[in-house]
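Consider the two complexes below, in which chain A is the common component and chain B and chain C are the respective partners.
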Partner chain A sequence: MPKITIDNQEIECCNGVPVLQAALEAGRDIPHYCYHPGLSVVASCRLCLMEMMMPNPKTQELQWSPKLVPSCQTPVRDGMVVRFDSERVRQSQATCMEFFLLNHPLDCPVCDQAGECHLQDYSFKFGKPESRMVDQKLVNPKKDIGPNTLLYQDRCVMCTRCVRFTDEISGTHELCMVNRGSRTEIDVFPGRPLDNPLQGNVVDICPVGSLLDKDFLFKRRVWELKGTPSICPGCATGCAIRIDHANDKVYRLKPRFNPKVNQWWMCDEGRFGFKYVHNKKRIRSPLVRRGYETLTPSWEDIPEIVRFRLEEHVREKGAAKVAAVLSPFMACEEAWLLARFVREIAPQSVLAMGPVPMEGEDQFFPVGAKGDAVRFTILKEKCPNRRGVEMVLHAAGGDIVTFEQFTERSGKGDFSAAWIVGGYPKPWVDKNTAKMGANFELLVLQDLFVNELMAGAAIVLPSCAWVEREGSFVNAAGLIQSFERAIDPPDTARRDGQYLYEIAGLPGLYTGERVRERMAEALPAFAKAYAAPELPVHAH
Partner chain B sequence: MAVFEPVLLRNRDVEDSTSLSVYESRGGYGAARKALKMTPVEIIEEVKKANLRGRGGAGFPAGVKWGFLPKDRTRTLLCVNADESEPPTFCNRVLMETDPHQLIEGTIIAAYATQSQIAYIYIRVEFHEQFHILQRAVDEAYAKGYLGKRIFGSDYSLECYLHRGAGAYVCGEETGLIESLEGKRGWPRIKPPFPAVEGLFRRPTVVNNVETLCCVPHIIERGADWFTGIGPPHSTGPKLFCISGPVKRPGCYEAPMTITVRDLIEREDMGGGMLPGKKVKAVLPGGVSMGILTADELDMKMDFEDPRKYALLGLGTAAAVVIDDATDMRMVLRNMARFYGTESCGQCTQCREGTAWMHKIATRIAMGAGRIEDLDILLETARNMGMMPGLSICGLPDGATYPIETIVNKFRGELEAAIRAQAPERAKTVLSVLN
Partner chain C sequence: MISEADIIRIDQPELTASERMYLPQIVDGMKTTLRHLGKNLLKNTFTVQYPEQKRDLRLQNYRGVHRLNRDEQGRVACVACYMCSTACPAHCIHIEAAESPWPDREKYPAKFDIDELRCIYCGMCEEACPVDAIELTPQFDLVGRTREGMILDKEELLAVFDQTAAMKPRKNPHVTGYAGTGSRSCSCEIPISHVPPSAAGASAP
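Here is the complex of A and B:
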C-alpha cells in the first residue's frame, strides 16, 4: 500500500485512488463538489486543489508545484508529498467559494437541503463571510424535470454529478447540460423526463439544494431528522440505507455506502417503499379469541396465553399436527426464535416458509449492462430475507415443506394448529390461502395488516414493519447484514422480536445481537453480521 | 532590407487560385510527392529542425508535438483546427479561401508524418463560403487521387473529412475541438491523458492549426535551413498578420516575425498608417486574448517571445486591432469582458463565474455606475482564474484575464478619471435599471 504525506501527516492509502479520496478517508475535510468516487472524474469544480512537491525541471530540486493541482485528478503515488494547509490553497478555496455564491439565491431558509448542504458547510468553513458583488444576480430557472424530481437551477454549482449518474450508473442519459458559461443549465430533453428506477440518487448526490425530491419537499427540516442505519427490505439485494425519521415518523430513506452491496446507490422502489409503515390499517394490538369473545390482553399475559394454548393443543392432537409458516420478511433472529419455540412445544411440528413475492425480471444498471459492467441490480425477488429464513429452517431440521406443500397438506387436514407469519407490505392472502384459515382449530396469525385469515385466527399478534424492528437479513449474495430499530411501533403494538423472545422464555430484553450469539451455536455464520463502514463527514 | 517574398500568400492574387490545376501549375503538390518518398521520421526531424512553432496561438513547436505520439502508433488521427474563432483574426480564412490546396497538401504531409489514415478538418461554422471552397478542393484532390487510397501511387492512403463546428469559441481549444468532433458538448478535457496519447475516439491525435500546416509543404520543399533563415531564431518562418481598426489598409499581410506593431500599422505595404484624423490609443496585438498595448509600446516585436516583456500572454494569433483615441477604454473593457462572459464553456467554476462577474462589473463601469474598488475586484478576479495558476482545465480564462488585467493596469488613470467624473444621478439610474 502506498504511503503519502498530506500536510506533514503520513497516511497509508489504497493503490490508485485519487489523493482527494485518500484524504477524505483519512478524515480530512477537503472541499469538493464534482468529485464522487462512484462517477468519472471531471475535475471541473476546482475546489479540491492542492500543492504538490515536485522536482524543479531545471535543477531537479524538490519544490512546491508552481501550479495548484486538482487532488481528485491526481492518483496517489508512494512517497508523494502534498499539502492543503497553505495560504495559497486556502486563498483559492475562499475565492472559489465566493464564485459559487455569486449567483446563488441564498434561500437557505426555504431550501430543503439546508442543514446537509455542502455549499453551506464549505462556505462556513472555507468561504468568505460576505459577497462583493453589487450587481443583479443571474437567476437561472426552476424546472420540473420528472415525476419525482425538481430542479432549482439557481442553486446549482454545476458539478454535473447528476448528469454523469444518468450516463454512467443508470445508463438512461436523461440529463444533459444546455447553454454556455454562467447560463449553463442542467436539463432534460423535451418529452423525456427524468424517470428511471434509480433517479432518486441524483437528489442524494447533488451536493446542494438544486435537485429536490418531491416526496420529501418541504416536509421537514433535515436537522430535526434522526438517521438510523438499516437495510432496505424492498428486494433481495439488501441495500444499506439510512432511515431519516422524527417523532416516530419515517420521512425518507437514503442510501448508505456499502462497498459489498449497493455502493452509494438505491432504487426508487426501495426509496419510496416505506409508505406502508404509516398505513392506518395496520394491526395495532394483540387479539385473543375465546369462544365468541375477542379479548385484547396485555402484553405481559401474551407469552403465557400462547404457550398454554399451544401446549394444550399438542396434548390433545399430537405434536405432528402443528405447523409454522415463517415469512421471508422476518429477521433471521425472529425466525429462529419462532422456529425454536414451535419445535420446543411440538418437536415433530412441520415448518415452512411463506410465499416469496416475485415481480417482473431482475433489472441491471446501466441499462443493458452485463457481467462486470453492472453497477447496480434490482432483483425480482421482492423480499429481504428468503435466504436467512432458509438458513434457520435448515438448521432447525425435521419436517420442512414448501408453502405449496403446506397449503396442500393443510387442505387434507394434516394440521390442526398453525402459526402463520405474514408481514408482507402488500396484500398476500390469496383465495386459496384465505380458504385454508378454516382448516385449523388453533391459528396464530402474526401479520401487519388486517386480512381474510384473521377471521379464523384464535390469536392475532401485530407484526411490525422493519423500521420498528431490529435484527439481520441475509441478502441474495448470502451476506448477513444487521439493521437497527428506528421508530417505535404504533399504539400498543410491540416488536416481533421482543414478544417472540418472551414467548420463547428467554431472559432479559431482546436485541438482535443477543439472539445472534445464541444462534451462532447452530449457525456459526451469525456470530458476526456485516456492517458497512461509517464514513467521515463529506466523504463518500 | 530585401523585400520579403510572400510564401503562404503567394497564390493570393493569382486568378482561380483555388483550383487544383492552378495550384499545381505553380509548383503545388511537389512537396507532398517529395514527402511521401521520405520516411515519417525524416519529415518530423525536418519540421523540428525548422523550429516550426504552432500558429494557433500558443506557439508550441509542431515537430515536438508530433514526436509525443506513441512509437508503435497505428491508429493516429490528425485534426486540422480551422475553427478560427479569436475575434479579430482572419489568417486562416484567407488561407482557406485563396489557397485551399496548400492546406490540403500540408495536411497530407502532416498526416503522413504522424502516420494518420484519417484527417478531420474542423471548420468554423460561420465560414460558409470557405467551407464550400475547401470542400470543392478536397473533392478535386480526391478525383485526382491526391487524397484517398494510395496517394500519388504510394502505399499511403488518407481519408480527409470536413466537419463544421457549431459556433463555440472554446471548440478552438484542442480538446474542446476533439469533444465536439466526437459529437459531444465542447467542454475541454482534463489532461492527462494528452491528445497525443488518447485523443479523438480514444486514439492518439494530433491537432494542428491551418497556418501551421500551410507552412509544412514549404519546409519540405525548400528545407529547414531556408525556413529558419526567416525571422529571429525563436520565431522562424513566415507569419500572417492581420490588422483591423481605423487604419488605411486593414487586412492580412505576410511578413517575417521581425516586424513591430508600429510596422504593421504604419508600413505602406501593410496597414498604411492611421486614417486621417485618427491617432493610436491602444492596440490589441494578438487577437483579444493576449492583452493590450498602449500607444507607447508600439515597438513590440511581433514574435513569440517579445510580447511577454509587455505583460502580454504571447503572440496569440498575431491579429492586431488598433483602437483610436476617440474610443472610451471603458467600452473596450466591457467588450472584452462580454466576449469571455458569453464564451466561457461553463465547466470550471472560476472561469464560469469569474468571466460573468467581470462582464457585469465592466458593463456597470461602461454605463457610468462604476466604483474605484471595482477595478481592484476586476484585477483580483483576473488573478483568480486561468490555467496557469492551475485553476482551470483549459486556457480560455487565461485569455479572458489578460485583456482585463492589462486594460485596467495600463489605462487605470483614464478609467479612474472616468469613474470619478460619473454623474451621481446617472449612476443611480443605471443601478436601478441594471438591478
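Here is the complex of A and C:
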C-alpha cells in the first residue's frame, strides 16, 4: 500500500485511488463537487485543488508545484507529498466558492436541500462571507424534468454528477448539458423525461438543492429528521438504506454506502416503496376468537393465550397436525423464534416457507450491461429475506415443505392448526389461499393488512413493517445484514420480535443482537452480522 | 448500576442557635417589606390602575402576542421556511408548507399555528425570520376560554396584524419573500439601501 504525505501527515492509502479519495478516507474534509467515487472523474469544479511536491526540471530539486493540481485527478504514488493547508490553496478555494455563488439565488430558507447542502457547508467553511457581485443575478426558472424530480437550475453548480450518473450507472442518458459558459444548463431531451428506475439517485448525489425529490418537496426541513440505518426490503438485493423519520413518520429513504451490495445507490422502487407503512388499513391490535365471541386481549395475556390454545390443540389432535408458514418478510430472528416455539409445542410439526413474490425479470444497470460491467441490480424476487428464513428452516430440520406443498396438504386435511405469517406489503392472499383458511380449526394469523384469511383466524396478531422492527436479513448473495427499528408501531401494535420473544418464553426484552447470540449456537453464521462502514458527511 | 465510588453523599449542615430561632431572618425580611411599604405610602409610583389605566409600552420592543405580517399586496408574508419553529425553544410553532399559489414565491404556509400557552415570549422567532413575517406585538391581554382557543392559527395571526398594524408597522414592508427560484422577477431581493454596504448581497447561505 502506498504511503503519501498530506499536510506533513503520513497516511497509508489504497492503490490507484485519487489523492482526494485518500484524503477523504483519512478523515480530511476537502471541498469537492464534481468528484464522486462511484463516477468518472472530470475535475471540473476546481475546488479540490492542492499543492504538490515536484522536481524542478532544471535543478531536479523538489519544490512545490508552480500551479495547483486537482487532487481528484491525481492518483496516489508512494512517497508523494501534497498539501491542502496552504495560503494558496485556501485562496483558491475561497475564490472558487465566490464563483459558485455568483448566480446562486441564496434562497436557503426555502430550499429543501438546506441542512444537507454541500454548497452551504463549504461556504461556511471555505468561502468568503461576502460577494462582490454587483450585477443582477441570472434567474432561471425551475424545470419539471421527470415524474419524480424537479430541477432548480439557478441553484446548480454544474458538477455534472447527475449527467454522469445517467450515462454511467443507469445507462439511460436522459440528462445532458445544453448551452455554453455561464449559461450552461442541465436539461432533458424533448419527450424523454428522467424516469429510469434509478433516477432518485441523482437527487442524492446532487451536492446542492438543484435536483429535488417531488415526493419529499416541502414536507419537512432535513434537520428535523432523524436517520436510522436500515436495509431495504424491496427486493432480495438488500441495499443499505437510511430511514429519515420524525415523530413516528417515515419521510424518505436514502441509500447508505455499502461496498458489498449497493455501493452508493438504490432504486426508486425501494425508495418510494415505504408508503404502505402508514396505510390506515393495517391491523393495529391483537384479536382472539372463541366461538362467536371476538376479544381484544392485552399484550400481557397474549403469550399465555397462544401457548394454551396451541398446547390444547396438540393434546387433542397430535403434534403432526400443526404447521407454521414463515414469511420471507420476517427477520431471521423472528423466524427463528417462531420456528423454535412451534417445534417446542409440537416437535413433529411441519414448517413451510411462505410464497416468495416474483415480479418481472432481474434488471441490470447500466441498461444492457452484463457480467463485470453491472453496477447495480434490481432483483425480481421482491422480498428481503428468503435465504434467511431458509437457513432457519434448514437449521430447524424435520418436515420442511414449500408453500405449494403446504396448500396441497392442507387441502387434504393434513393440518388442523396452522400459524401463518404474512407481512407482505402487497395483497398476497389469492383465492386458493383464502379457501385454505377454512381447513384449520385453529389458525393463528400474523399479518400487516386485513385480508380474507382473517375471517377464519382464531388468533390475529398484528405484524409490523420493517421500519418498526429490528433484526437481520440475508440478501441474495448470502450476506447477513442487521437493521434497526426507526419508529414505533401504530396504536397498540407491538413489534413482532417482542411478542414472539415473549411467546417463546425468553426472559427480558427482545433485541436482534440478543437473539442472534442464541441463534449462533445452531447457526454460527449469525454470530456476526455485516455492517457497512460509516462515512463522514462529505465523503461523496 | 452506579458504583459506590461514584456516589457523593452530602449532609445538610447543622443550623446554628440563631438560625434555629428564625427571628433574625424574619426581622430581616420584614425590613425589606416595610421599606417598600413606606416608599409606596409616601408617593405611589408603582401601581397602575389596570384596566382603567394602561401602562405606556415600548411598542417596538414589547413582546406580546405574535402576528403574521401581510406584504404590500395583503398576502401572508411568511415563506414557510421553518426558521422560527427551528429557533423556538418552547416548540410552540407548527407549520405546514405548501407550494405557493403566487408566481413570485416558492413556498407559503398552508398551516401556521402558534400555541400561545406554550410560548415563552422570548422573541427568537422574530429574530430568526428571514423575511420579517413573524413579529411580536404590544398586545398582552390575550384571553381564551379553552386551551384549543389559545392555539392561534394562520387567520387569527393575520387578524392580529390587522389590529396592530397601525400601532406598530411592519419592519421591512417591501420584503415579499424568497422569490429567486422559479420566477423572473427579482422583487425578493432586499433593496441595497436597506442593507449596510458591507453586507449587501453577502449573507452566506
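Basically, the second predicted complex is superposed on the first by the 539 of 540 C-alpha atoms of A that agree within 3 Å, B and C clash if a C-alpha of one lies under 4 Å from a C-alpha of the other, contacts with A are read in each partner's own complex, and residues count from 1 in each chain.
Keep in mind that, in the parts below, a residue touches a chain if its C-beta (ideal position, glycine included) is under 8 Å from a C-beta of that chain, and two chains touch if they have at least 3 such contacts.
Here the structure is a predicted model, which means the values were calculated and not measured.
Colleague: Chain B versus chain C on the shared chain A, clash or fit?
Modeller: fit
Colleague: Quick check for you: in the superposed arrangement, does A:Gln136 touch first (chain B), second (chain C), both or neither?
Modeller: In the superposition, A:Gln136 touches chain B and chain C alike.
Colleague: Quick one: is A:Ala457 in contact with chain B, with chain C, with both, or with neither? Answer first, second, both or neither.
Modeller: neither
Colleague: Does chain B (first) or chain C (second) touch A:Val157, or do both, or does neither?
Modeller: first
Colleague: After the superposition on chain A, what angle is formed at the C-alpha centre of chain A by the C-alpha centres of chain B and chain C, rounded to the nearest 10 degrees?
Modeller: Angle at the centre of chain A: 90 degrees.
Colleague: First (chain B), second (chain C), both or neither: which does A:Ser182 touch?
Modeller: first
Colleague: Quick check for you: in the superposed arrangement, does A:Arg221 touch first (chain B), second (chain C), both or neither?
Modeller: So A:Arg221 only meets chain C here.
Colleague: Is A:Leu523 in contact with chain B, with chain C, with both, or with neither (first, second, both, neither)?
Modeller: After superposing on A, A:Leu523 lies clear of both chain B and chain C.
Colleague: A:Gly127 contacts which: chain B (first), chain C (second), both, neither?
Modeller: Touch status of A:Gly127: second partner only.
Colleague: Using the touch definition from the top, say if A:Leu49 reaches chain B (first), chain C (second), both or neither.
Modeller: Touch status of A:Leu49: first partner only.
Colleague: Kindly classify A:Thr95 by the partners it touches after superposition: chain B alone (first), chain C alone (second), both, or neither?
Modeller: first
Colleague: Quick check: superposed on A, how many Å separate the nearest Cα atoms of chain B and chain C?
Modeller: Nearest C-alpha atoms of the two chains are 9 Å apart.
Colleague: In the superposed arrangement, what residues of chain A touch both chain B and chain C?
Modeller: 133, 136
Colleague: Where on chain A is chain B touching in the complex?
Modeller: Touch list, chain A to chain B: 41-47, 49, 65, 67-70, 73, 92, 95-96, 99-100, 102-103, 132-136, 138, 157-158, 176-177, 179-184.
Colleague: Once bound in the complex, which stretches of chain B touch chain A?
Modeller: Counting only chain B, the residues touching chain A are 168, 185, 187, 190, 341-350, 352-357, 360-361, 364, 371, 377, 380, 384, 388-393, 434-435.
Colleague: With touch defined as at the start, can you tell me which chain A residues reach chain C in the complex?
Modeller: Counting only chain A, the residues touching chain C are 101, 104-111, 114, 117, 119-120, 123-124, 127, 129-131, 133, 136-137, 139, 141-142, 152, 154-155, 217-219, 221, 223-224.
Colleague: Along chain C, where are the residues that touch chain A in the complex?
Modeller: So the residues of chain C touching chain A come out as 79-83, 86, 97-99, 106-107, 130-131, 177-184, 186, 198-199, 201-205.
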